[in-house]
Amino acid sequence: MNFDAFLPAAIVLSSMIPGALIFFLKEESHRLRTVLNMTGALVKLVLVIWMIWGVYDGHSYETRLTLAPGIDLVLSADALSVLFVALSTLLWLVTTIYAIGYLEDSPNRSRFFGFFSLCVSATVGIALSGTLLTFVVFYEILTLATYPLVAHRGTPDAARGAKIYLAYTMGGGALLLVGAIWLQALVGPVEFTQGGILGNAPEEIRGTLVIIFFVLLGGLGVKAALVPLHGWLPQAMVAPAPVSALLHAVAVVKAGAFGIVRVVYDVYGVQFAHSNGLLFALGIIASITIIYGSLMALTQDSLKKRLAYSTVSQVSYIALGASIFGPIATIGGVVHLVHQGLMKITLFFCAGNYAEALGVHKVSEMDGVGKRMPGTSLAFTLGALGMIGIPPVAGFVSKWYLGLGAAEAGANWVLAVLVASSLLNAAYFLPILYKTWFRPTPTQWPAEHPHPGRLEIGGALLWPPLITAALALAAGLFAAAPFTPLEWASLIAEREYGR
Amino acid sequence: MTPAWAKVLIPIVLIAIGAVLVWAFSLAALEGGDRLALIALERVPESGVSNPITSVLLNFRAYDTLLEVAVLLTALLGIWSLGPAAPAFQPASPILGGMIAWVVPLLILSTGYMLWAGGHAPGGAFQAGALLGAAGVTLALGGDASAGLPGETRLRFLSVLGVLVFTAVGVILMALGYGFLTYPEGYAKWLIIFIETAATLSIGVTLAAAYLGGEPRDERTSRSAT
Amino acid sequence: MITQFLYGGSGILLFLLGTWSFIVHPPLIRKLIAINVMGAGVFHTLVALAYRGLTAPADPVPHALVLTGIVVAVSATALALAFGQRLDRDHGSSADDD
Amino acid sequence: MIWLLPLAVALPLLLSGVAARPAAWWTPGLAALPALVAAFVIPLGEILSLPWILLGMHLGLDETTRLFLFFTAFLWAVGGITASEALRQDPAAGRFRVFFLLAMSGNLLLVVAQDLVSFYTGFAMMGIASYALVIHEGHRASLRAGKIYLILTLVGELALFVALVLIASQVGLMMPDAADLATLPGGVIALVILGFGIKAGLVPAHFWAPLAYPAAPIAAAAMLSGAMSKTALLGWLRFLPLGDVALPAWGTLLIFLGLVSMFYALTVGLLQSNPRVILAYSSISKAGLFVLVLGIILIDPRLAPVGTAGLVLYATHHALVKGGLFLGLGLRRPDRDPDRTQVWVLAGLVLLAVAMAGGPLTSGAIAKDALKPLLNLTDWGWLETAVMIAAVLTTLLMIRFLFTLWSFPLAARPGDHDPLDPSSTQPASLAVWAVLVGIVAIMPFVFATPGAWLTNWNILLIAFVIAWPLLDAARHHRGLFRPLQHAVPPGDLVVPLRALRIALVWSGRQALRRLARGLARPQTRLTAWIVQWFGPAPADPERSLRDWATAGLLWLVILVALLLALVLTVQNP
Amino acid sequence: MMIDLLALAVAFPLLGAVVVTATPSHARGLGLASAVLTTLTSLVLSLGVWRDGSVRSDFGGWGAPLGIGLQADGLSVAMLVMSNLVALAVSVYAGSYFSATARRHFWPLWLLLWSALNGLFLATDLFNLYVTLELLGLSAAALGALSGTRAAVAANLRYLLVGLLGSMTYLMGVALLYSRYGMLDIGLLAEVIEPGLVAWTAMALMFSGLFLKAALFPMHFWLPPAHANAPAPVSAALSALVVKAAFYLVLRLWLDLFDPVLNASVANVLGLLGAGAVIWGSWRALRAERLKLLAAYSTVAQMGYLFIAFPLLVATPPGLARDNLLAAVVLLAMTHGFAKAGFFLAAGLVQKTAGHDRINELGGAAQALPAATFAIGLAGVALIGLPPSGTFLAKWIMIEQAMIQGLWWWVVVIMLGTLLAAAYIFRVLGHAFNREPTPYRFVNDARTEIPALLLAFISAFVLGLIAQPLWTLLDQGVLG
């Protein structure tokens, strides 16, 4: 079999197969489960690296499965998908390690890791989707695979959170489905094509296309947590930390944001979206979300909820980038896909560590954690600074490109949004950092679980945030080096606008 | 709980439907012509029996009849599945017993005749089976708790005999290369009679057993009980 | 022809009566009887169809259909009666009261 | 050789990684040395590009920045040694060293940066890291000062961010020259003024300085006022369209801002009793002077070469002198047991104060001299007078400063060195401070012709004439000026701002809460609705449907409907 | 030697039933053997049709119109494959589900039901269809009452009576057609039938009779109690196959017989009823307190989708789009067959473990049976219509056609039903997550759990992703 035609499928399967096998494992077979998990993660990584090289060289990979006449499931790789795939793969590896450490001695791990793997498979599937149909398919599978993770704890809270999560995402999925089919009914099978496919759509269906855009946006906006569709995100915080990390940094919200980017660039085409006012509307929604999310984050005392609202705000940077006409802003939005992922996953890992080691769940309990857990706190600090957009952490690079893109497009109000958001980010992150580093350590932590070793917490919990924090730093510090997210995003923008 | 207006409305709607039905039926009957009659009557000689109805039942549309016997079997099995029979009737008076003594043989005799006559005149397996069943019912009414039926093993065998023979004949004919339920020339009459005989037995037994109700008692348990 | 209509028409009438009775009378036993009346109506109609005048032999096909139909109806009736009996035995009433 | 530049930036950065350990107490002292060397040996105009770093890092020195690099590196070196020595006993010294080195690295980076992103990175690193220096001692005052410092710093950085983004969108990522900047919209100029104005302490964005300088450990205060506030000037020089176009409106605005800053700060400063606060206000007034000169250059672009050179010289002078004053304050000991070193410290401080006032034969004099041509050439004659008055006030302020050296108690403060502890003698700090004072002392003879040495002697005289009776009165009538002393608290504007802030925060919180509640309501309702739907079933609604007659009627109706649908509709062909 | 697979597909289960009835002590072994044999026959038959096109066999050699025969084309074979695979899984499951006494009753009735199903899918004669319908109805009612509880007997008596009412009405329609055209063979009738009062009345009678059997809203009232009270394997077969058979007949008659007669209005009536079924059934499922009742109402809803297809079919001009739509309907029916069977089988296991099937108290049992819960989940995926299930693909095509034809209101109904389905499925699954002790193993009893899991798996993965053969199959006969 032609390997090029199999590679995208192989990347999806490399986590799906271990995931499916894990379900059948006995609860006690830790080692086998870990081996399966890690094998899947590593194999995927190797395959993705292979694909990155290929796409860079201009290779095209496409797996096509015909479901019915005129309905194809297509997995293909272009620069944008490879970016997202690489992000998910890398963070999956890290999160897997973290989750293995985090869930040590907790029940139902086979179920957890099974769905965990499926979740990543779905994310990768979303990334590699070559058609809107395929995207919808994996989008829904993602909903399915994450629901059990959110509900995993089994507490009434978890059940409630999961229900709300489901209600939102199912509604969104339905909208997306309708939008996708409607579009397909109008223009035939929708394959993601650089530059979009609606460029020369006849005048008389333009109005309908605009409506469809908002239907699609409604569907994608739920996962991307655009206000007012964000309500599920803070509720889904009941999930275990690795899940929150994955949900916020890689899988769910990113799937939505990625979808928005796809729809704007590869379905509607940025030119079409621009000239029909779609970009402006998207920009307004994204801006409102950015400000609103930050404001809400300010009011939260629960650390994870604060981070959740921060996600609401930050993910909309991606949509904002997509909404500004011009390659620079595109770079900013697309690169934030990765940068936000790295930073936010770090923050969630750290939040998990605080909860795990000290029982610290609230911002108000974080006095002096820096002295008790310096490694974790260092990672947290880097992530937080990156979120605010302080150089040289990666967040700055995104913000810079967004700002620059806005300036070039003459959309100076976007700069105001960026400034306001940065200030608000600072307002809700810096007090945490202050508490972490400059407040005296309390005599007693809420619920301390002393770790026997030399480290502040188990290595499987400490190293992942440190690694992701280092990556976030490196992504900013060496932003212009080859194969960094930024360079890759530039490649994407070049190809999207390259005409 | 049925609303009053529904009670009024139902007849009205039904009458409307009836009107349409009658109208449609008149149209249909007028234009119907000969339908299948000529074709069927024309080919009766090929069917192995001279009674056109029997030839339709056991030859032209034998498959229908096979399924019909199966339906009968289903009903019996369904009845059996409902558990043991309801308490038996009061024993009949001696007069009835005396009558039964000569009615039952008569019925069995008529069964045989009906079966035989079906080939060329009105009659056939169902009529015969019904008579046989009637014999069983009469016995039951006369106080025979088993309605003259045999023990479980044989009862089960007899009740499926019709379907078994019917299907087996069909399949064997198919295996022999004639096609399912396609009687080879010259054998049709005998095969039909064979099938009819088996069917008659089954139908009779089934009707009687259905009348009794209740699953057949396990022989071993019944034997140990007595 | 008139005879045929008479038969057919009365068949339809029976069918409708059965339907009516089935619908409006709650006791299950009456419904069962109603079904049989309906069946009788249908069979009536079919038999009427077989009539091809006094001189010509009747169409054997409807006859065969009716015969088959009757047996099927009898089987169904038997099963339904057994069900009803079973309900009766449990609770002494076969009225459909749920 | 050019590789010294990245090394100069990277060394403090790398050392900050290990500086937290007690064994690394020496790191701040050494970290600035490569930078100091680089200031002398790096050829001008050469640009090192490191394309992989940030968005492509470019480092290099030009005439302006060489001097900037010199005094910045030198001050950081002196401050670093002082800090290493002073804080050895401090349990939290490790943290201080880390942030000290980070701020140092940022400061050096922004000086040598030749592209916008590196500049901004350095600026941001420096600004944020300094927060930790300000609040190091952890008492209420320093926390409050730190908070205000941080907020203003962030505002400044964001203003700068926007400005740089707008600049980059016009001219690309490399350092723009004046011609590039000439076409920029006015908003950029405003943002540049605001962004750096906060760092420099320009009124009305100055009030963090009088709070932060006294609150921070002495070495940090020295760096903030000496080195870091000068980055504002560098920023202005780089990002204002100096020398290419005349922008009279902006120039006038700047002059106005400068005058306000000078006079306001000097007046308020005179009413202070804490020497550090006085120095803070002095810095603010100097920021005013810079802005004033910049304004003049904006009005008349021809003055740009002279003005720039003058400003740079002035900045060098001011950085060294202000840094020296702060560090000297840190070397002061109570008079209880006067020894020889204290005499020398006092002498040094007096020298520096005189230099700050622009006394003859000091660096102050030559700095003033360098700016003189600008004041002369302008059409606005009164400006010179105003500046002269300011100079008199500055001198008075310095006198006030020297006066407070005696009057202000040198109490032991947690986190700072303990002046009563004999082990706290700081030989290395003293030595480097002496070098600093020496450099200040010889500056006029290196940088200027003898004609400039005596500039301003008359002003000094006027100031003494004013000051003498006042001092005399104060000596004889203690308490005479006491009401004045407490008239304006340090940080002046902070007080009304605080009320405003409280009101704003309170109402903001209220509004946020209301917004959250308002937005949550539909969500709660939705959730309740969902929960209700997921909940137990109500009474069986299908009961009537199960009624035979109803069901039968429905069935018949459907039968009729089918019939009607067939009969009544026109048939498809 | 000649093998008539069509006849064997009916004869094998029939013979099996006979043999099992005669020797009840070997019921399980013999029953399973006949099940396997029947399934194999059907599969081989389907393979033949898939490769070589439709097959017809005339029994007795008379041929239509006099004789009867069986015919296998793409549509019938698709249903045949589905029902035989489901029936096989149900058989395996039932093999260990029932107690020894119940087994004696189950197997013969079950095999009779099976042969009725096969006969129904392959039949070509209107009267023969009546007989198979009755065979199906009687065996189904008898099976449904197998648990012997009063509720079950009452519900199934009701089912039996309603079924009889439907059959009689259907038969009246057949009589009308015969009286006008003198024929009973569908193919021959289709050639001569013409619009007119006779055809219309016949169609109305036959369809309304079949609606009763298909439990189309609002004639579904008999279904929930009957299906909810039957033993699990029987519920599976009833919900997955028996009502589907009635739908199949409607579709078959619609496509093959009444095509010249019908029009958009009648399709809209069907669609409206379908829409009512989707909304009402889903909503009732959402509020159901018991798991099996939920599944039964879900069947009502799912049948609704199938009927919504009719207005779309009528609106779509012949061609590729219509073929797609038709295939989608068949795919929907097939997927639902697998999914609902899997759901019921798994629900039966949960019920057995918990001792009841009240949804709100199922947590422990669901947690103890990961495989069964998983099967419910997978089947749920297909019931909701999430990808990659066949339902998803089918709904996609249906919605797309609706959009193309501008019939957006059907889209609203379909989506509403989908969301409600998600709500009721996850209402069940939500209880699988709580803090019960960790199960020791994923699979506890392979012989019951694996069939459920396999059925659910097929519905959720196989049918959606490997649907292409269905198109090939339907090209053999039904598709233009």
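Going in written order, the chains are labelled A, B, C, D and E, and every chain counts its residues from 1.
Note that a contact is a pair of C-beta atoms (placed from the backbone, for glycine too) under 8 Å apart; a residue touches a chain by one contact, two chains touch by 3 or more.
In this text, all values refer to a predicted model and were calculated from it rather than measured experimentally.
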Leaving out chain B, the still-touching groups: one piece
Smallest count of steps, each to a touching chain, taking chain C to chain E: 1
By number of C-beta contact pairs, the top two chains: B-E
Identity of the chain that, by mean CA position, is farthest from chain B: D
Chain at maximum distance from chain C, centres defined as averaged CA atoms: D
Central subunit by CA centre of mass proxy: A
Between chain C and chain D, centroid-to-centroid distance (C-alpha), Å: 101
Whole-Å gap separating chain A and chain B, where each centre is the average of the chain's CA atoms: 71
Chain centre separation (chain D, chain E; CA means) in Å: 77
Gap in Å, rounded to a whole number, between the CA centres of chain E and chain B: 29
Multi-partner residues of chain D (at least 2 other chains): 530, 534, 546, 548-549, 552-553, 556, 559-560, 563
Chain E: positions in contact with at least two other chains: 127, 131, 134, 138, 141-142, 145, 153, 169, 172, 178-179, 197, 200-201, 423
Multi-chain contact residues (two or more partners), chain A: 163, 167
Chain-chain contacts as defined at top: A-D, A-E, B-C, B-D, B-E, C-D, C-E, D-E
Of all residues in chain C, those that touch chain D in their complex: 19, 22-24, 26, 31, 96, 98
List of chain A residues in touch with chain E within their complex: 23-27, 65-71, 73, 107-108, 110-111, 133, 136-138, 140-141, 143-144, 147-148, 151-155, 158-159, 162-163, 166-167, 170-171, 173-174, 177-178, 181-182, 184-186
Contact set on chain E toward chain D in their complex: 169, 195, 197, 200-201, 203-205, 207-208, 211-212, 218-219, 221, 224, 261-266, 268-269, 273, 284, 286-289, 360, 423, 427
Complex interface listing, chain D residues touching chain B: 544, 547-550, 552-553, 556-557, 559-560, 563
Chain C - residues contacting chain E, complex: 8, 15, 18-19, 22, 28, 31-32, 35, 38-39, 41-42, 45-46, 49, 61-62, 65, 68-69, 72-73, 75-76, 79-80, 83-84, 86-87, 90-91, 96, 98
